[in-house]
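Letters A, B, C and D mark the chains in the order given here, with residues in each chain numbered from 1 onward.
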Amino acid sequence: MEDPQLEEDQMNPTKRIRKLTLGATALGGLALGAAMPALAADSGPIKIGVIGEASSVAGASIINAAKLAADDINQAGGIDGRKVEIITYDDHSSASDAVSAFKRLATQDKVAAVVGSYISEIALAIEPWSGRLHMPYITPGAASTKITAAVHKNYKMNKYTFQGWLNSAFLAQSVCDFGKDEMVGPYHMKTAVIMSEDAAWTKPLDETYKKCLPKVGLKVLDEIRFNPDTTDFTPIFNKIEGQHPDVIVTGISHVGVRPTVQWHDQQVPLPMFGISSQASTSTFWKDTNGAAEGVLTQTGAAPDVATTPKTMPFAKAYQAKFGDSPSYVGYAAYDDVNAFAQAIKRAGSTDPDKIVAEMEKTKMVGTTGTVQFYGKDNQYAHGLEYGKGKVTGLFIQWQSGKQVTVWPEDVANGKMKFPSFVKLTAATH
Amino acid sequence: MEGSHVMAKNVLEVEHLQKRFGGLVAVKDIGFTLKAGEILGLIGPNGSGKSTVMKMVMGIEKPNAGRVVLDGTDIAGWPTAKIAHQGIGLVFQHSRPLHRQTVLENIKLALLPDSLLRLVADPSHDERARAIADRVGLGGVLDRLPSTLPFADLRRIEMAKALAREPKVVLVDEPFAGLTPREVADFSALIHGFREEGRAVLLVDHNVKSVAALVDRALAMYLGEEIASGTAEEVTRNETVRKVYMGGEIAAHPRPDLVQTSGSPLMQVKDLSVRYGKAQALEGVTLDVREGEFVSVVGLNGAGKSTLFNAISGLLPKSGEVVWDGAPTTGRSVAQIARGGIVQCPETRELFGYMSVRENLDLGGAHLEEAERTAQLESLLELFPRLRDRAKQAANTLSGGEQQMLAIARALMMKPRLLILDEPTLGLAPVILDQLSQALHRLRDTTGITVLLGEQNVTFALPHSDRIYVLQHGHIVWEGKPDAFGAEMGDQYL
Amino acid sequence: MTAIQILIDGFVISALYGLGAIGFTLIFGVTGVLNLAHGGIMVIAALVGWDAANRFSLDPYGAAALGVLAGLIAAYVTYFVVIRPIQRSKRIPADETEIFILTATLLWGVMIQEGMAYLFSDNPVTMRPLLPGVVHILGDRTPVNELMIGVLCWVVIGLLWLVVYRTRFGKPLLAASENPRALGLLGFEMSNIHLFSWTIYGILTGVAGVLLASFLGVSSASAGGLTASAFSIVVLGGLGSVWGSLIAAYVVGYMETITAYVISPQLRPIPALIVLVLVVYLRPQGILGRR
Amino acid sequence: MKTILRSRLLWLMLPALVIAAVGPWWLSAYYLGVLTMAYYFGVFAMSWDLLFGYAGMVNFGPTFLIGLGAYGAALLDTYAGAPIVVCLIFGGLMSIIGGILLALPALKLRGAYFGLVTLVAVLLLRYFIVIFSGFTGGEIGMMVPDILSIDTATNYEYALWFMAASALILVIISRSSLGLILEATGQDPIAAAALGFNVAKHRLAAFCISALFSGLAGGMMVFYSGTASVGTVIDISIGVQIIIAAVVGGRRTILGAMIGSIVILLADELLRPLGQLNIFVVSGICLAVIIVFPGGLLGLMHRQREGA
């Protein structure tokens, strides 16, 4: 305290800012954001940062769902009386924007934890920073197995990262399970072609597809990976048709509208099932002008299916507040904020290591099932646990403008229906 | 100095130089020699190919055939930078100095070696640059930025830059364009200085007159060919040269019946001045044109005729006033002036080359009523029957004469009240000139149109004209009836 | 079978490329402007058309018309707000106008892209097909809409040809691309001609955007890519040459389609890009460029 | 007059550098991070301005050079485990070699054509990286094993001094004999050739210098963020941002490009609370600046001084 300047600064932070602003005009706006005072750690609201892709339907629902979760928590009295405050940033679907938003949340906004992004590339870019900055981070949608592999391999460094949604391997497994029950079973289908976009999350997806599809009786004739920039899918469908499979298994998320519309317009006679993330959003029907009829996708939950007691109330509240129903990422983001809130409550502090320790103990009934994370010795360390009684996801199909849940049978509220141009016959060869 | 003349052998020998641009032969078999300490004037009107010759010597254009021998080495076709190293320098007409550097730095630039590794200039450069600046008369403005200098000083910078490389041969493009008489004297002295240093100098200019006092010899070009060479006096007296510049015998055919000396003129140009950047192109020009009159503005290339016409047409910013039909045209757009009745048929013709003859004419008549347009088209095709035959041909496939007729006809399609004809004879063969002359005559006699003609070729202009203005260096120096021209101006013109 | 598919697909894609590039080359030829916000204008037409269809429950044709109108308005805004102030600015040296227009239209393109993403998200959207269903041509199954789009492209190109070559409004456009100075001397106001060419540009680009949305789908993020493809095609064909652009569009369209079908959809754009580089190196004026 | 401007700018830059150097004492870690990126962008923009402002070449593909440097460094680090300094130098070399291969045939092209070739080069590099995704990480990008430092302040100082050194060297070059000749060739290549300067040689030299600094900065950025990805070092949009920064800051000034980058990236961050619209607003402001003040920010200072 010898330095009077320092003392003054501490006593009057705003004055310090003003002084710096005046002093550093030569550097333009440099000083404007300077030295935001650290809020005392244990009073005031608990802040949770959210990074979303506001321009995409899935990313936007991260932001919306997180806000809804905070409202619900606050309505129920907050975390030990402290309110939860959500601070959101748009990353414009860019890894560098996301990283700089993450840094801003950690170092300036002083949040306790961050929920962010459904894009694996972005989650992978954030992961090292979560380690470096000791900032607990969970992705509500990124499915790459690399995220959890990094935690497993270097736990000490990467333990701050969690995967709040099923990873690609589990997604693929659930697709295979569906294929067995609904494609091989009733229609005696024997062959499939995999059609996936070239992205981080589809690599483990395709690998698992290639392992588990033959196990359920679907021979993989070909694996087509295409650039997410692709606009014209005619050559791809043409090539697939040339191989005469019974069904197309999809792994698409960055694209969705184009392949669906072109599948419909060209009347490709093959059914498609698998992951088609955009089809899980409620605007997909409008975006495709109804070409989505008959499209199947795996998703986290459906607004009219009570996967857990929490599912429908959340979906209703979301619908009421934002006008459309949440995408699969929305359900996960809602659960993730709640998981963090509970972990903070149990930890009794916002100390990152304590939060992480409590997150690892999570066993919470969320909107998509019971949320639990694998331990550090599992190859999917800090990944969302998959399986009956945990989280499995479900399959929905677009029928006449509505998403109908068709699998698993215990929650299904409709039967599969395909447009007339789709031929549901087993292979002739 | 006299001694060096005798001993000097040829520094530069140019032989059988030829250049084609597509189908057009721009330079045909040109040759000349230059000794150290000699000044050669390369003259010719616009489009004669003189600039192309200069560019080929400098390596800016590659010759199709011929030799350019500098000190025994054939440098034809070499890259420009290499030719510069070999000892040829060029003083550009349009100076583009570095705007953010001072005069001194601009001169130092020229002293720099062509090396990537020297980041810091040799300290001796400063001294040399100052010496050069003193020589060309820039000593007092060394630390000023070019944008603050008058035009003549900008040209001095160009001169200094060329000098800095110590060239054996100096090419000077239009040495006196845009200069005042005093400055002309200064520059003449400078160029004289080159000779005294033993450099060979090639002056490229429109006409002999401006360089006559300076050159040892001159070579006149026309349509890519040499038409005369010898001393300046010989070239001036040469029959072909006189024909090219003046058109041969001076004869006048004014219309005595046209007595319209009273009444307000159709167009009055009042104290018109135009500057190109810093160069004064036109100064205080005043003239008028009355209804039905055929007025000619004669002057050599570069005197300012096109500048005058472009200023009248609103293409150039100007000071002074153009009064048209009683009201100043200030503030009107080019198109408004044209639709108002002042239609220019420019020197460059400005045809739509890829469009047909008919389409060109239709564009000219686009503002007329259907019936009127058809009638006008018919009467013009009467006047220029060749155009009728060529109606469907693309304009750029026409011969030069046909293109000129098309340009005139297109302007006439607008039914102008005043037709401004700029250099219609440019680059045309004598036979075509006759046809054009006849057409103009018929036009004058049958339609009663008002014409303002700009010409270098006095012989072409005189027979049609009711009145003549002579333009020199941007000034009107003479005004009168055509029959007085021969006596009062004839000798001074060339 | 594949050959016919390549033939039909390539034809339609190329026609769309051509239509998208014609406006770009026309506006360059007549007014000397390289509009790097070109793709953005196509995107505006597509997204506004799509949104209008949903919002007002319009039929596909009404929505398309609204989309084209939006493209036209966007073209006017580009001209009056971005380009004309630069062309008339006294502070910008004449020889630098070009780089300023390039930078300004780049920025404008970014603004359009971000603005559209804000309003309509960056999800790709497709306009309802003008005609639904498929037809079988020599055993090949082709959507009627695709054929319809190919035909419509050529109808629009034909109309453009009629306007430019067969009406008194069109001739000055052609003339302006050759010699704007002469046009002024013949009493044509250049500002009117510019306005007219931006009108044609807006309509052409709007139609291209709407048809693209109906065929392949458009998102706000497509803006940059569409500009790059129009730019490439126009340079390949010769800057300012309408017919050159059409030829280049077919060269690029078929090369891409053949690559996608025969080699791999992944490599689709590569051969065309290499050809583009070669052409620029060996014949910078492009296929039909004059200079 | 001009010398005054020069020295004034320098006098202004020195205290600014001192203020910036003690940044870690008075700036939040977050702003240090933002400025770190801004400094690397500053080097990109200055390299671009050397080409455009002095040599008169409009390079639409600065990210071609940056990407080569970034990926060159990243690949060497990942597959050979070389020390960071070696990787950086290798990246710079890759950038120069790629720059020469691109520039040699392109140098004779004018204006828009040169621009187009550089643009296509970026597209080709991008596809190249995507096609060899097994090696390069494709669109996803690749993680490099080494990073400069995990400490924000250290990273900040690295970037600051790298930028300051680059700025100094580039300013010296731009005002050296070479810069003078470059300016002459940029303004009027024929007149420059007539003065005996080999225009192609000097343009190539400018291209190499620009490539070297772009490549080094690209490599530094990789080791700062720990990743090399198409979206951060190659995408056309990054190139657009660089060009805009240079023009908004004031073309032909080198330092203006640096200032432009810092101002734009900071503005981007300050406006981040606008969410989705921040890029829209920043672009709009830049558009207004170049239309109303074509001289850019530095030009604005110049004008005021002239007025005074």
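Here are some notes:
The rule is simple: a contact is a pair of C-beta atoms (placed from the backbone, for glycine too) under 8 Å apart; a residue touches a chain by one contact, two chains touch by 3 or more.
Here the structure is a predicted model, which means the values were calculated and not measured.
Chains that touch both chain B and chain C are the following: D.
The minimum number of touch steps linking chain A to chain D comes to 1. Chain centre most remote from that of chain D: B (centre = mean of CA atoms).
Comparing chain pairs C-D and B-D, the larger number of C-beta contacts belongs to C-D.
Taking each chain's centre as the mean of its C-alpha atoms, chain C lies 31 Å from chain D. Our note on geometry: chain B versus chain D, Cα centroid distance of 46 Å, whole angstroms. Our note on geometry: chain A versus chain C, Cα centroid distance of 36 Å, whole angstroms. Measuring from the averaged C-alpha position of chain A to that of chain B gives a distance of 74 Å.
Across the assembly, chain C contributes residues 117-118, 266 that each touch 2 or more other chains. Multi-chain contact residues of chain A (touching two or more other chains) are listed as 55, 198, 227. Chain contacts here follow an irregular pattern that is not a line, a ring, a star or a complete set.
Pairwise, the chains that touch each other are A-C, A-D, B-C, B-D, C-D.
Those residues of chain D whose C-beta lies close enough to touch chain C in the complex are 52, 58, 105-106, 109-113, 115-117, 119-121, 123-124, 127, 130-131, 236-237, 240, 243-244, 247, 276-277, 279-280, 283-284, 286-287, 290-291, 293-295. Per the touch definition, chain B reaches chain D in the complex via residues 58-60, 79-81, 84-85, 89-90, 92, 96, 98, 100-102, 105, 108-110, 112, 114, 116, 118-121, 145, 161, 165. Note for the complex: chain D touches chain A at residues 12, 15-16, 19-20, 26-31, 33-35, 37, 130, 133, 138-141, 143, 150, 152, 225-227, 229, 231-232, 259, 262-263, 266-267, 269-270, 272, 275-276, 278-279. Only residues 20, 24, 26-36, 54-55, 88-90, 92, 94-96, 99-101, 103-104, 106-108, 120-121, 124-125, 128, 132, 198-200, 227-228 of chain A touch chain D when the two sit together in their complex.
Residues 34, 82, 85-86, 89, 91-92, 96, 98-100, 102-104, 106-108, 110-111, 114-115, 117-118, 224, 228, 231-232, 235, 239, 266-267, 269-270, 273-274, 276-277, 280-281, 284 of chain C are the ones touching chain D in the complex.
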